[in-house]
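Below, chain A partners chain B and then partners chain C, in two separate complexes.
Up next is the complex of A and B:
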């Protein structure tokens, strides 16, 4: 791996992470609020009450401010696959490009066309067509999430493909296997439900602020009931899909699973660490158990989470590095050997083909196919380089789960007191709902970090490491664009937050904005 | 049904879809052209507001067209995607930055406490209008004039200029640069013509109508100059031919002229496209006001057809559509750069959605256009940009 420019790889990763983290600040709110808007407008059309139109329009304004910057960061992500990860784009473009194209054709056009009707069509089109447009914006946004998450899930669990040695790339052989892979289904459901939760927290928190300030009470109370109910249902759905996602990770990315829990030594009847802290950064080679500070553990829970059997064996990081014959785990040392065999065999195959030596080509192909499963490992010499950042993955996972659980209670109380008409009396709940907003964003970003840092160093699990996926460009160009993006995104974020806060503050009782 | 097509037929089908998306994208660039005319056609705040709101109902369709063009190229010709985007890094980055600025500007420009001020966002729109059109046009011209890259046996591509694509527009020592830039500038002036026609159609205001009509006239002369410079040059220059059997790429004199003669249908589409663009302009400038209002549809359709034909000229009839002047044999063709047969087949089924998409865009556009934008609406609509 000496011939790889690791600084280029790191800067390319930093740029992609920067773009994705910024993008993910805006998208979840779009995904969920679009449905909340559709629900609110439906109530307006059904009841004919003007207040619901006013409520819809208010949240729609915030939606639009957020949507614009989500679009701005989104276009960069799509093109960065080409600009910064061009070797990836060839190696798996035959599979990965398709969902991206489908996303554009099926979802983006729907979103952008009906977005204009939703905002500017109030007095231009019929009530029915307007409501349909609002629903289509919601469906379009969520369809786009479907396709990009199918693409992401495929990177985590590559299925439905076959390596073509002639073209030196992976090719699609089963579209439906990619679309309906359990990883894709769970990733989609878990991500969108978490986005709905964020949106519900946002609406809840802003409404709580109105109630604390004794302004726009009619709008705020109604909004809290809609958001509370929507959030409660979705948070339960989020927990269920998260649970299923964990099992998927255990099956297809056991290293990520062990890192999420900071589990170095495998155990049967494994305990889940509910709360825990590292006292120092653990060494990947062989961490000392004393690296942990005090922990709160739930016995057997980790085994149950992974397999639905509280007594099952959960392998730790060291089991994977060194192998564990008793549990049929092939060591990373052996995988590296097999990976190197596959890489060498592929080169031999291509040389033999060029020399028109068919028998030699056939032999090389056989060796290649026998070892292809661990192709990506062949780029490494030291298996410890194949361990993700454990503390980062561990903390992200626990922050995500902890906050997700907390949100359920906030929704529950909001619905109970909302229905009883006692929201204004429960000021503690209003403060909690308001302060939950930044934490909802934190939970979202943490979720992204679990998924993406936890799978390192793989860009395509087991087949392609990040270092072999980058474009062949100079690192200076990437450093410059990294800082340009950082500045532009930050400036736009500040502008967005300022506009958003002002829109909320200036909303007057009873009147239009 | 697509399973029965040959691999080559699928590659040709997908190149035609890329060509069509390219045509639609260039037509939709009228939004960018309009962004460079905000303060030329609009003299008062209300007039600028009317123009911004007129474009503001369409900008995200242009944006989506660009994204879909990129996505479709990725899915159908991944080697082109990886070579061009990963190689001409700075060209694409500059285009992308210009589009980030656009995406927020409509929504934020007139909002209170927008931090940067309305003029800054309007400047962003101008930058996007200028760069979006000139750079995209210049990039498309390289389909005919070639770029500096090589592709290894493992299909890793290496750009061979330290300027990462900027040399295609800025290396004035090379004649092809002028051809590249001429298409860039032709697209820029065309987008301003189309924008003016669109304003005439979409805004109900006499002052704006008159000023837009003037802009149609003013931009037509430079447009024709740059477009004809580009067209004549590519018709007389050597082009990148490849042997369908050996796949060896060689230079052929009058290659693109030969392509037109070998594919009369493409020639007809090209001529029809150019005539329609000019017919639209004629109607806007010399015919009645009612004719002027409909001129956008003629020039718009003409633009789509012209660009469609140019793409077909670049990729059909055994032509390398993304040629390398560094290593001729690294040139990309619709055969060596495409996805697998399976993927192209699967994607072909997805392409059946395109007419449906076009239909609903048309319907929504028509519904919204029933009531053109007026000064009164700008004063009353709380959400106006």
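Up next is the complex of A and C:
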């Protein structure tokens, strides 16, 4: 590990995290609002009531602002792959390239055609064609997200590939295994459903503001019912997909799962910590029960979440570090040994190939293939370095789950009082809905942090840690671009919020009650 | 064919002209794209392996060396 420039690794990680976190401020609103628009426009086409056209056009303007400001912010991540993460880019080969290429082509065609009809086509194309375009924008943007998430899921659970030791690239052998891996399916469904929830909260919150100000009440009440219903259905779906995702994580990333719960010692009938606080950061080799403040625990729930059996054994961080024979867990100490064997064998294979010593190359290849499963562990000497930031993962996970649960109740009340026509009387609900907007973004970012910080140090689970993925470039340039990104993205975010607020404030009263 | 091209052109032309929040948005979008594709890409984000090596063989040799040193 000593030959790696850890400051460069940390700055590269910080830069990527900053870019991804900012990019993810724009994306979910696009994914979810596109469907809300499609639903609103469908109501307009079905009922023929002009108020629904006005409602659709208003939200479409906010959608357009978010889309215009956010578009292409993700391309920076691709720049970073080639510049800062070149070892990684080479290592993942066509597996990462193929989904990103499909995403690029799909996004280009969707944006240049149906987006234009959706924004410019009012009164120029038929109602049916316009509605179809709006639905296609919604479906297209979500399909576009699919490919990015498939690529990300492969990093969390690499399947359907074969590593070519001659080129140091992973080659795709089963496209369908990559596309339909349980991790990819759950990641896609959980991510888009959470994006729908954020969008529903956004529509709900802005509408609540109108009602609090006693403006545009017809638009606001109708919008709240649509957003509340959409949000309620999607938040329940989100819980289902989150539940399934947790089981996937337990199976393929047990260290992340244990970190999400701050579980150091494995146990049967493991309790889920509903609420808990670390009083100090626990040392993995010497975890102390006193490191925890007061906790609210649900007995057996963690075991159930992981395996659907409330009595099942859930391994803790120490089980993975030290191994647990009774539960067939290979220790990280042993994995490190096997990883080192794989790295040495790959080097030997290369030397033997160059020396045209086929028998030595074949022997090295055999050793390499037998140990490749733990290749990435070989870069470490101390297994404790393979533990993610536990408090960060724990808090992110609990913030995400806690807020997700709260949103269900907000949607439920919005639907109940919306249908009863009592929204304006429930001012507490309007305030809660309005203030839920920043928390919906917080939940999104927390979700990203669980997924990405929780899997550290891996960029490709078990095969490539971040330290071997970075390019050997000048650290100063990474630091400069980190701060440039911070400035540019912050300016973009401020611009988006200001333009949106102006549009919301400027919306003139109109339409029937 | 010419008629169709004209129709499509005016569809976009009128659309852009009649945008209400469009002008400020377009300025932001254009500045952003300039920063991303000109400043960032040209000055900071060269493809490391493509810039420093000529062939795929050289690139894979380099990556293997990095992964096994």
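The rule we apply is simple: the second predicted complex is superposed on the first by the 504 of 513 C-alpha atoms of A that agree within 3 Å, B and C clash if a C-alpha of one lies under 4 Å from a C-alpha of the other, contacts with A are read in each partner's own complex, and residues count from 1 in each chain.
Simple rule for what comes next: a residue touches a chain if its C-beta (ideal position, glycine included) is under 8 Å from a C-beta of that chain, and two chains touch if they have at least 3 such contacts.
This one's a predicted model, so the numbers in the text were calculated from it and none came from an experiment.
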{"item": "Contacts of A:328 with chain B and chain C, given as first, second, both or neither", "value": "neither"}
{"item": "Touching partner for A:166 - first (chain B), second (chain C), both, neither", "value": "second"}
{"item": "Partner chain(s) touched by A:119 [first = chain B, second = chain C, both, neither]", "value": "both"}
{"item": "Chain B versus chain C as contact partner of A:95, first or second or both or neither", "value": "first"}
{"item": "Touch count on chain A, higher of chain B and chain C", "value": "B"}
{"item": "Touched partner set for A:343, first chain B, second chain C, both or neither", "value": "second"}
{"item": "Partner chain in contact with A:75 - chain B first, chain C second, else both or neither", "value": "both"}
{"item": "Which of chain B and chain C A:359 touches, first, second, both or neither", "value": "neither"}
{"item": "Touching both chain B and chain C, residues of chain A", "value": "61, 64-65, 68-69, 71-73, 75-76, 79, 82-84, 86-87, 89-90, 116, 119-121, 124, 167-169, 350, 471-473, 477, 481, 484, 488, 492, 495, 499, 503"}
{"item": "List of chain A residues in touch with chain B within their complex", "value": "57, 60-61, 64-65, 67-69, 71-76, 78-79, 81-87, 89-90, 93-98, 100-106, 108-117, 119-121, 123-125, 129, 133, 164, 167-169, 171-173, 175, 350, 471-474, 477, 481, 484, 488, 491-492, 494-496, 498-499, 501-503, 506, 512-513"}
{"item": "Chain A residues touching chain C - in the complex, by the definition given at the top", "value": "3, 61, 64-65, 68-69, 71-73, 75-76, 79-80, 82-84, 86-87, 89-91, 116, 119-121, 124, 166-169, 343-344, 346-347, 350, 468, 471-473, 477, 480-481, 484, 488, 492, 495, 499, 503"}
{"item": "Interfacial residue positions of chain B with respect to chain A in the complex", "value": "53, 57-58, 60-61, 63-64, 66-68, 70-72, 74-76, 78-79, 81-87, 89-90, 92-93, 96-97, 99-101, 103-104, 106-108, 111-116, 153-159, 162, 164, 339-340, 342-343, 346-347, 350-351, 353-354, 357, 360-361, 364-365, 367-368, 370-371, 381-383"}
{"item": "Sites on chain C touched by chain A in the complex", "value": "11-12, 14-16, 18-21, 24-26, 28-29, 32-33, 35-36, 40-41, 44-50, 56, 59-61, 63-64, 66-69"}
